[in-house]
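Both complexes below contain chain A, partnered by chain B and then by chain C.
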Partner chain A sequence: MKKLMKGNEAIAEAAVRGGCRAFFGYPITPQNEIPEYLSKRLPEVGGCFIQAESEVSAINMVYGAAGSGARAMTSSSSPGISLKQEGISYICGAELPCVIVNMVRGGPGLGGIQPAQSDYFQTVKGGGHGDYHMLVYGPGSVQEALDIMYDAFDKADEYRMPVMILGDGMIGQIMEAVELPEMKDPATFPKKEWATDGTGIGANRRIVNSLYIEPDVLEAVNHRLFDRYATLAEKETRYEAYKVEDAEIVIVAYGTVARICKSAINMLREKGYKVGMIRPITLFPFPTKAIEAVASQECVKEFISVELSMGQMIEDVKLAVNGKKTVSFYGRTGGNVMSPEDVAEFIIAKENK
Partner chain B sequence: MAVVFKKTSMLTDVPFHYCPGCGHGIAHRLVAECLEELNLQGKVVGIAPVGCAVFAYNYFNCDVQEAAHGRAPAVATGVKRCNPDKVVFAYQGDGDLASIGTAEIIHAAARGENITVIFINNAIYGMTGGQMAPTTLLGQKATTCQLGRNVALNGNPIRVSEMLATLDGPSYIARVALTDPANVTKAKRAIKKAFENQVAGKGFSMVEVLSPCPTNWGVSPIDAVKYVKEEMTKQFPLGVYKDC
Partner chain C sequence: MEEKIIIAGFGGQGVLSIGQFIAYAAIEDGKAVTWLPSYGPEMRGGTSNCSVVVNDDEVASPIVSCPDCLIAMNKPSLYKFVDKVKAGGTIIVNSSLITDKVERTDVNVLYIDATDLALKAGNARTANIVILGAYCKMRNMFNQELVAKVIEKKFANKPKVIPANLKALELGFNA
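What follows is the complex of A and B.
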């Protein structure tokens, strides 16, 4: 049976059903419904909820909980995620699985509280110090966000790395009818032999650590992480291709922007413009090969990256297109969201220049 | 042959990297002995700091997490809340706990987190080479206050035990000093109580340990101990600040 749910609450419920038993966070708009929901919901399933003193503390509580074997998560919005970057780097260095939700708002600075996608760089290019990445999803609907959250801990455990769900603010606030999955049984989760659950002594002591003082050892760790990212690219890359078979113009957009673009594409198709779209669902790994393949199609003339930013993902689009076709940009910022008509007008004006 | 002394089983056989005369080694041994005497083998998670004790994970014979600088109380909170039947302790220096990590220690204490914190106050940043700490005494020289700590320029040292004792959360807060056998025995008693409290579910306990750093104070180990006893204890009086 379908249920009408707000994005943030759907994500929170999916987290619990996906096995989350520990949440640590600090209030910030527009994601407050996640901690508010979990503060009530987690105790019902024997889980732990703490409103931390800051995002810095919250992410380090996640480090401790995840390092001792729990399915732990945090959520925040842009300024709070900036504060979490040190902790995220440590979590990646210590190879700990956890889930982080970022309901992105406009910046820089305190910015605004309206939807944005201006944390793309921070999220997929690092954000904190050192060579690392996370598995990053940019869901396009409440149902997709929920489904991704439901399996996020499995992915995090499999690859021993954080999964970040990058919502563009709107995803958290809109209400949609969703199908909720069954509660996963924690007894079926893989055993974590590496976790510091306190039973370690002598030869089977476990150490959760990101300090590697020997250069050769640290270099080997860096290579191990990047080998894992290569596996991710091979196995976990997800995207949706929409009407690209005969497209002359290909939009690349993610999150709710992709839904707006879909409406624009349908409007444009009625007017005879052959427009299609690649919608990355994973932002890291980025669907480079899919875009590369579309760029090689003879019918394709150009790409347009449509974003709620001044142009961040466009850099990855350009790397994927690799000079084969031109790549241009259309975006709004500050919390302003383009309408399908805006996108259509931009493309019509461009084509008739 | 009767065994009259043996090394505690809660320390590994890895030799300490600490300087001669450093208090960290003594503090490690006291913590490990208390854990053993309370029969906590196989039931402990330690949290190591960033500071000279960063390699504590090599020495304590238990599961250990290495925390980011100052964040040990938050990491310990995460571990303890998800493993309430285990004993969790954070081991921190004064830069770690009283400067970069002030928010974490205050709020862990205020929440009454059922953890044990061992706070090594050596009035200096040991690991990074002798910079001023939040606990550096007025007049004490450090590489970032070379003429001696000056109130106008550098502000006043922080008394953490007194500060935390004003909160309702903590169950036990004491300050001890590693200066002589009598005080080391007192230190051990305080550390043991801090762990017993956790086992009994009484909530947050912290033992502040005044500890010599001969290397960065630029004095001999003997003079360093004298400095703890004669100078540090004036700014940081020994005693029990909270016990309930």
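What follows is the complex of A and C.
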């Protein structure tokens, strides 16, 4: 029997079932159900839940726990994630696996508490300093968020980097029926030969660090990271194509916005407009090749990036389309959310100009 | 088939739980459903609403701009959403708190004194279940047995309140 769960709670339960045994966070709307749920759930499985004194402490606790080999995570929303950027950069520099959830709210500054996607740049281009990326997912349903979270620690361990789940506020608040997977057995998780877990002694001592004073050494570290990002692009890129085969207009949208666009596409198709969509599921790596291929289709006239921002992902869409077709933008911001009718009206007005 | 519903009222009237009961019933009935609350700096006595979308296969947009059905639990909610209801749609008005009549003539309206019926069921706090019953019947969404089963499951750890809620459901179905 499927269970009705709120996005935030489903993510929290999936984290536990995916092996998370340490959570460090600080409250902020609209993601509070994640720490609330885990504060009760983690002790039940012998895990550790700490409400830190600040976001900065929380991310550094994740750094420490991840360094010792634990499956550790944190969650927050936009202003809180900004505070965590230094820690995220250090974790990427130290090549540690962890999971970070950002339920995005409107900004800049304290902004508002309603849904947004305006942290796209921060998330995929590197919100902290230095040359780094994370594996970033933008789930479009509660089940998809749950499935991504369930495997997120495996991906983080495999690539030794943080996995970021980027949800617009809605994906955390919405309730949908979900199927919960079995609890993963921590005994089956791969051994971490680099972790400072007390087993490396003397000449074999292990060091977790992100300081490389020698330029040649640091350059090699950067190359190693970017080789890994190339592997990510090859093996982990995920997207959904919807009715693009005969499309003249192709929407690119992710998260809840993609669902709104799906309804809009169905409305527009009934009126004879040939509209399709590419929905990136991974935002880094971005489905550049898929968009490139659709841009090469003769029937396609134009692309529209639809976002809850002033236009951020559109830059990656433009890079992928690479001048083959025009790329325009439709968005709402400040916490306002477009309806399917808004998207349909925008496209109809554009086509009849 | 897709049914889009907006349920609105004061915080504390059970607005969000009416939506959740509809969602549980939809799952029990093998349908896809989304439940999306308005979230904000809300509290008991403040306004509160949720959007529910039920679909035979898959729900695309969880955002509802033109509902098939509006359940208005208080006056401000009625006026906020009345013009958004689809022509030919349904408005369920909690007449315990709303004395005004709906001026639109292109929608079906049910006025229901939910508090009075809830008192008849033996518990004033079951007013939202009365409304739930009236909704299921009027929109021909779920049968009474199925919803009764959902209520029994949901209140499994508070068995004392089950009889009044089942009675409230029945009164709603017959309203």
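The criterion applied here is as follows: the second predicted complex is superposed on the first by the 353 of 353 C-alpha atoms of A that agree within 3 Å, B and C clash if a C-alpha of one lies under 4 Å from a C-alpha of the other, contacts with A are read in each partner's own complex, and residues count from 1 in each chain.
Throughout what follows, a contact is a pair of C-beta atoms (placed from the backbone, for glycine too) under 8 Å apart; a residue touches a chain by one contact, two chains touch by 3 or more.
Quantities reported herein were computed from a predicted structural model and do not represent experimental measurements.
Once chain A of one complex is fitted onto chain A of the other, the partner contacts of A:65 are limited to chain B, with no touch recorded for chain C.
Legend: residue contacts after superposition of the two complexes on their common chain; A:113 is shown touching chain C, with no touch to chain B.
With both structures placed on the common chain, the touch criterion links A:197 to chain B but leaves chain C unconnected. Look at A:350: by the touch rule set out above, it reaches neither chain B nor chain C.
Once the two complexes are laid over each other on the shared chain, residue contacts for A:21 go to chain B alone; chain C is not touched. After overlaying the two complexes on the shared chain, residue contacts for A:29 are found with chain C alone; chain B is out of touch. Contact comparison for chain A: of chain B and chain C, B touches the greater number of residues.
When the two structures are aligned on the shared chain, A:40 is found in touch with neither chain B nor chain C. Across the two superposed structures, the residue set of chain A contacted by chain B and also by chain C is empty.
Residues 12, 41-45, 47, 54, 57, 61-68, 71, 74-83, 85-88, 103-104, 106-107, 111 of chain B are the ones touching chain A in the complex. Of all the residues in chain A, the ones that touch chain B in their complex are 21-22, 24, 48, 50, 52-54, 56-58, 60-70, 72, 86-87, 90, 94, 196-202, 205-211.
Looking at the complex, you find that chain C touches chain A at residues 20, 23-24, 27, 32-37, 39-41, 59-66.
Those residues of chain A lying in contact with chain C across their complex are 1-2, 4, 29-30, 113-114, 169-170, 173-177, 256, 259-260, 262-264, 266, 337-342.
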